[in-house]
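One structure coming up, written as structure tokens, with questions to follow.
Each chain carries a letter (A, B, C, D and E) given by its place in the written order, and its residues are counted from 1.
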Amino acid sequence: MSLVSLNEGEKVYIIHGVEENFRCDGRSRQDYRPLELEMDIVSNANGSARLRLANSDILVCVKVEIDTPLPETPNDGKIEYFVDCSANATPTFEGRGGEQLAAELSRFLSLAHCPVFNLSKLCIVSGQSCWKLFVDVLILECGGNLFDAVSLAAKAALCNTSLPNIVGTYEDGKNIDLQISDDPFDTKPLDARDLPVLVSLCKIGNNYVADPTIEEEICGAGCIVISVTPKGKVSAVLKKGAGSFMPDTLNEIIMSGSQIGVLLNKALEETITKDMSSNVCKQRFGFLK
Amino acid sequence: MPTNLYRFQGPEGTIPYQHYLIDKNNTKLTKIATALMKNERCDGRDISAHRNLCIKTGIVTQAKGSAYVEKGHTKLLCSVFDPKEVPNKVEYAKTGELQCEFKFATFSCRQRRNYTRDSEERQLCNEFRRAIEPAVCRGEFANFEIQVNVLVLENDGSVLSTAITAAGLALMDGCIPMYDMIVASSLGIFKNTILVDPTYDEETLCLSWTEDEENRGTVMLAYMVSLEQITEFSQNGSMDINMFPEYVQLLIDQNCKINKLVQSAAITDVIGHFESQTTD
Amino acid sequence: MDLLSRQGLRTDGRRSDELRRISCKMGVFNQPDGSAYLEQGNTKVLAAVYGPHEIRVNRSKAPNDCAVINCQYSMATFSRSERKRRPRDNKSAELTVHLKQAMTTAIKTDLYPKSQIDIFVEVLQSDGGNYSVCVNAATLALIDAGIAMEEFVISCTSSLANGEVPLVDISHLEETLGGPSITVAILPISGKIAMLETSQRMHINHVEPVLTEAMRGCRYIYDTLNKTIKKHYEEIGGALNWGTEEYNI
Amino acid sequence: MNSIKLNIQETYIKEYLALQKRSDGRGLTGFRDASLNINSIHTADGSSVIKIGNTAVVCGIKAELGIPKAESPDVGYLLVNVELPSLCYKKIRPGIPCDEAMETTSFLNEVCNNCKILDLQQLCICVDKLVWILSCDIYCLNYDGSVLDACFVALLSALQTVKLPEVKYDKETDEINVIEDYKFLKLNCLPVASTFGVFNDKYILADPTEEEEQLCISKFSVVTDGNLLFSLHKPGGNYIKDNQIQNCVKYAKIRAKTVHELIKSVQ
Amino acid sequence: MNISISLASKKTRHGILKPTSNPPVIFTPGEKIRDEAGFMRGHGTYVSAGSLKATVAGVEQNINRLVTVSPLRCRYNGEIGDVVIGRITELVHKRWKVDLNARLDAVLLLTSIQLPGGELRRRGMEDEQSMRNYLSEGDLISAEVHSIFADGSLSLHMRSLKYGKLGQGVLIKVQSSLIKRSKNHFHNLTVGISIILGNNGYIWIEPTSNDNKDLVGLEDEFEQVVDIGDRQTISRVRNVILALSYYKMLIYDTSIQFALEESKKYTVSDLLTAEACYDIANLTRHRLQIMDE
């Protein structure tokens, strides 16, 4: 991503544009670029989704495994986030180049989900066995605003996830053996509709914009990422970039971020419902379209 | 557990014995929780009171600048080194860089930590760097980097905010040009009750999952008092949006209080410098 | 478990000399200079090519008269049914080297002095023959990037069932259960072999039939991909005036 | 630039040494004052902080339960690690441990094993099943020479503060029960290290500071508990004479006694 | 707040425009084009066993007896006299390195720019030391290809009033093969917007300046705020060009003009949607075809 640089003229042009509430691509400050979602595209996963936000392309897969719960939380399952920045997205990600960004993304995603996600839903036998969810995010192309795109894709993939049904357990002394249904359709969906999405607001000049492009991210003095649940609660806030904020600006940004977040959640919700309802003869396109 | 060729490693899969005392720990947490419902804290503080702050600057004589800060049981050390050229770098940079390291000592937390950096340390390191970056006059040392290191000796809550405060002092002690002093403080929110400067147990309580809709979580804010600028803000938990202005205001007030302490420590530090110079 | 039923059908219903369904698309992404997506059965691979561009790392060590080819083979953590812990491990480092060797034979590196060509492949779903599909996808991406090549590089993996019948384009199940397998990458028109590897000990008498089958598979894949490329170019070329200034229909 | 600075420092120190004095006022064989503080870290099962002159070192011990080695099923683990984090000294880069840290670590472990500081049998809970693992991590906070000396004091005083609860292990059900009846560890001996620097063949400096260490052509350490000599450690460098060593051992023994008193005084 | 998430499966498949009726023969790498006898090997071909073969996928082109195959998409291959837009990446002794999306970074010598003081000014040490004041890393310039070095890298010059450092505006990047070579690459679109179509695929859109450009074109002017009307048109032009580029259509003054006219029914931000892009590209092509006939 460091491949993009801007000269002063371009920066001034962007900053003035934001002031006039008319950005380079014609959006107003709070508009998102068109998003495109496709669910259930990886056949060997328990849930998956691919999201395109302009040029940002994110593929998220959820896999489940049986694990033993931690001794301090015997009734809770586990969830692990892993982000990989594919070198396909930009050559700077080659080798370990994308690791720092990936670590930041996965850490913040787990921070944002953690206070909202009820892990006891993943419990099978208290203290003995639980589900462990692996949420694997693959970044295939970067067109700015990765935090929002990754969170939307991750939520969609989790909504798409279903857990296999346990058909029987039998105890053998202390150990409990679990029998998982062989039928791939004998599953129960995971309820993930309450999960938050992330909204990045980039401060440019004295204003802030939603869904920043790469150019705007470079131009901006700093960025606030807010994790918003469908009910408008805030579950995590993060600051990116080297800038600093006035207290009033910060409050204002968080306020409008939560409003955007509610709408974003609603839009995602509607799309997911639409996708679920058209379940019959659904065709997977993936990357062929 | 990643294998490590550089250190003596014990066997894999060790368990802290405290795991078998979980009930005790849980009752302790419940006790704290019930006390908090009555607006009382286990260490006898008022819910809006800070723990005592103990500041010592210049204790790492080998570093350019350093500060040791103790806040309750939270203890940490921060040191700053001379600006030096960035190794293996060809491009020209107009602003200097801050290289930060944020490390927990292995014995600093309830559970023993690993030697290698984990994701929490990385994240704290990122937040730490972002918090102090705006305060340093980075234009003064173009193409150079400054190394800022933090070692947490004991973690009893509000580590990041303490570290940021310590870093501000260490940078000052190291005579690195800064726009303003930087201080930070944190809040815990438990069932709508606001706790200033939460301890480790209180933080755990604030972040544990509950069914209800009440506000909970932690908030941290780093602030430059005389410039009135927020340099870092992070929050975790589940909170109502309308509460944010209140939290932010409260944190700013707290920071102003801490700033007074920090400033007096800074003045003592500077006087100390002069005295040592005159005795030389 | 029998890899070949009495009727001569494989576990996924194919005949022994039948390849899996191939679908592909060129130009999936905007940012790379060339990109391609290739599915062979359930093995799905994305390839991206950046360059030729200025050499970024180790500029002083690079040769002056030809291009540096830089590859990375990576496997998504979710690509197999068992979750992988890391996308890049020792195995993928080895495949990276193989991929680089195979692609270098075909790229006309002497045309691009002092430059670097990056080829990145990402296995999204793996069901056998990962390396082969990656080579094929990389070829497509290179063509999409307009990089001069002597020929296509096409790869195919085949193995032996019941110690006698060669199986072409094997799936993951056949890879794990079956006998020794041969992976070969060839330049299909001239028939030159760019890379050849056997998975394990193999009887000398078996090499010939398995290799022939793999090469036949390569030629089939070449035909399919070649057709797709032509179709893709016919579709997009018109508006572009076929990339020429003067061409008139 | 650096060489010039070193040169100036060398002349400066030489002038002092000619007067049988050192730049901080000590005599040639004088040790710096030490101060010790124990149990200051509450998250550790045992801890101590030692300052010798400006050199500061903290040691924290965490006790965990684990499975013993198959070849020695009845002993626990005592793992000693020395960390020289980048914050203590400007010449250390962050990342993997530096050579000096690794060297100090292996020397400490060697001495611990050789002189049996601790009967490792007392760390055994159930043979072949469960033992204590004591991870002793020593962090240097300020690197001002003779870090090894400080590490020894820190380790010993921290070990003395460790209290382990009683653990009941049921062989049948693998069940573990922790009873809060804490007991101290029994230490066999208290080895104390004293580092000496050899300056210019002629002078032997006890307990050199960082500045002096830079200029010394070689360095060696004597480990003793006042009566017995546990180890003499001289990692290369220039040769030293036999009688010089004899003298140093003498000083080291006296030093060991004072350190023992210091450790006793804080308990 | 405009947020729309569409489903990929609901999208009708219009990744491409309808292909033309009778496409020419397309050669792919390794395929034989013709026997070598009597022909000369050009770009995109090689000789093997007495026949000419293609190295890239494309259409055969004959200029007299020279046979070339040009790929539909590749990095920019410069030709002398091309107008290019580039970004300064590095300052090295007496020269700037310029990124042109070509195989190698181009070079702009200190002697190839006009400094204040005119043609006859001597370039001394002072100029060398203050190079960063004229052009620094990240700056955008428009220039002309002056010569081609043996290794294929380009040398640029800015010794004309029309070239110089670019100020406020928008840069978009498209494939270099989409830019149609023509006599003029500087266009003042009727709507008060100037556009420079760099042969290397970089396109610069800026408001037409009324006052004469100062002689050197190395000064910055950031005080002036581009007015909202111009801004809207610039964004519209930007989105329209991106739509054309998505559908691999040649970009030149006429195609942009047509596309702009067709885009009138959409608001600027609507032009970001796939449907609008398709519609505009399709209509534009239709009009171009009619014009050709």
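Everything below uses one rule, namely that a residue touches a chain if its C-beta (ideal position, glycine included) is under 8 Å from a C-beta of that chain, and two chains touch if they have at least 3 such contacts.
Just so we're clear, the structure is a prediction, and the values are computed from it rather than from any experiment.
Undergrad: Could you give the fewest steps needed to travel from chain A to chain C through chains in contact?
TA: 1
Undergrad: Taking each chain's centre as the average of its Cα atoms, which is closest to the average over all protein Cα atoms shown?
TA: A
Undergrad: By CA centroid distance, what chain is farthest from chain E?
TA: Using the mean of the C-alpha atoms as each chain's centre, the farthest one from chain E is D.
Undergrad: Among all other chains, pick the one whose mean CA position is farthest from the mean CA position of chain A.
TA: D
Undergrad: Taking each chain's centre as its mean C-alpha position, how far apart are chain A and chain D in Å?
TA: Chain centres of chain A and chain D, defined by C-alpha means, are spaced 49 Å apart.
Undergrad: Distance from the CA centroid of chain C to that of chain E, rounded to the nearest Å?
TA: 32
Undergrad: Report the inter-chain centroid distance for chain A and chain E in whole angstrom, where each centroid is the mean of the CA atoms.
TA: 36
Undergrad: If you average the CA atoms of chain B and of chain C, how far apart do the two points sit, in angstrom?
TA: Computed from C-alpha means, the inter-chain centre distance equals 51 Å.
Undergrad: When you check chain C against every other chain, which residues touch at least two of them?
TA: There are none in chain C.
Undergrad: Two or more other chains touching the same residue: where does that happen in chain E?
TA: Within chain E, the residues that touch at least two other chains are 137.
Undergrad: Using the touch definition from the top, list the residues of chain B that touch chain D in their complex.
TA: Listed in rising order, the residues are 6-11, 13-17, 20-21, 24, 59-64, 66, 73, 75, 77-79, 81-82, 99, 101, 103, 105-110, 112, 115, 147, 149-151, 153-156.
Undergrad: Which residues of chain A touch chain B once you look at their complex with the stated criterion?
TA: 71-72, 100, 103-104, 106-108, 111-112, 114-120, 224, 229, 232-247, 250-251, 254-255, 258
Undergrad: Tell me, which parts of chain A touch chain C in their complex?
TA: For chain A paired with chain C, touching residues are 42-45, 48, 55, 57, 59, 61, 63, 65, 82, 84, 86-91, 94-95, 134, 136, 138, 140-143, 286-289.
Undergrad: Spell out the residues on chain B that touch chain A in their complex, using ranges where they run on.
TA: So the residues of chain B touching chain A come out as 15, 19, 22, 25, 119-120, 122-123, 126-127, 130, 133-134, 207, 209, 211, 213, 216-217, 219, 224, 227-241, 244-245, 248-249, 252.
Undergrad: List the residues on chain E that touch chain A in their complex, please.
TA: Chain E reaches chain A through residues 1-11, 13, 15, 87, 137-140, 166-171, 220, 222, 225-226, 228, 231-232, 234-236, 238-239, 267-269, 271-274.
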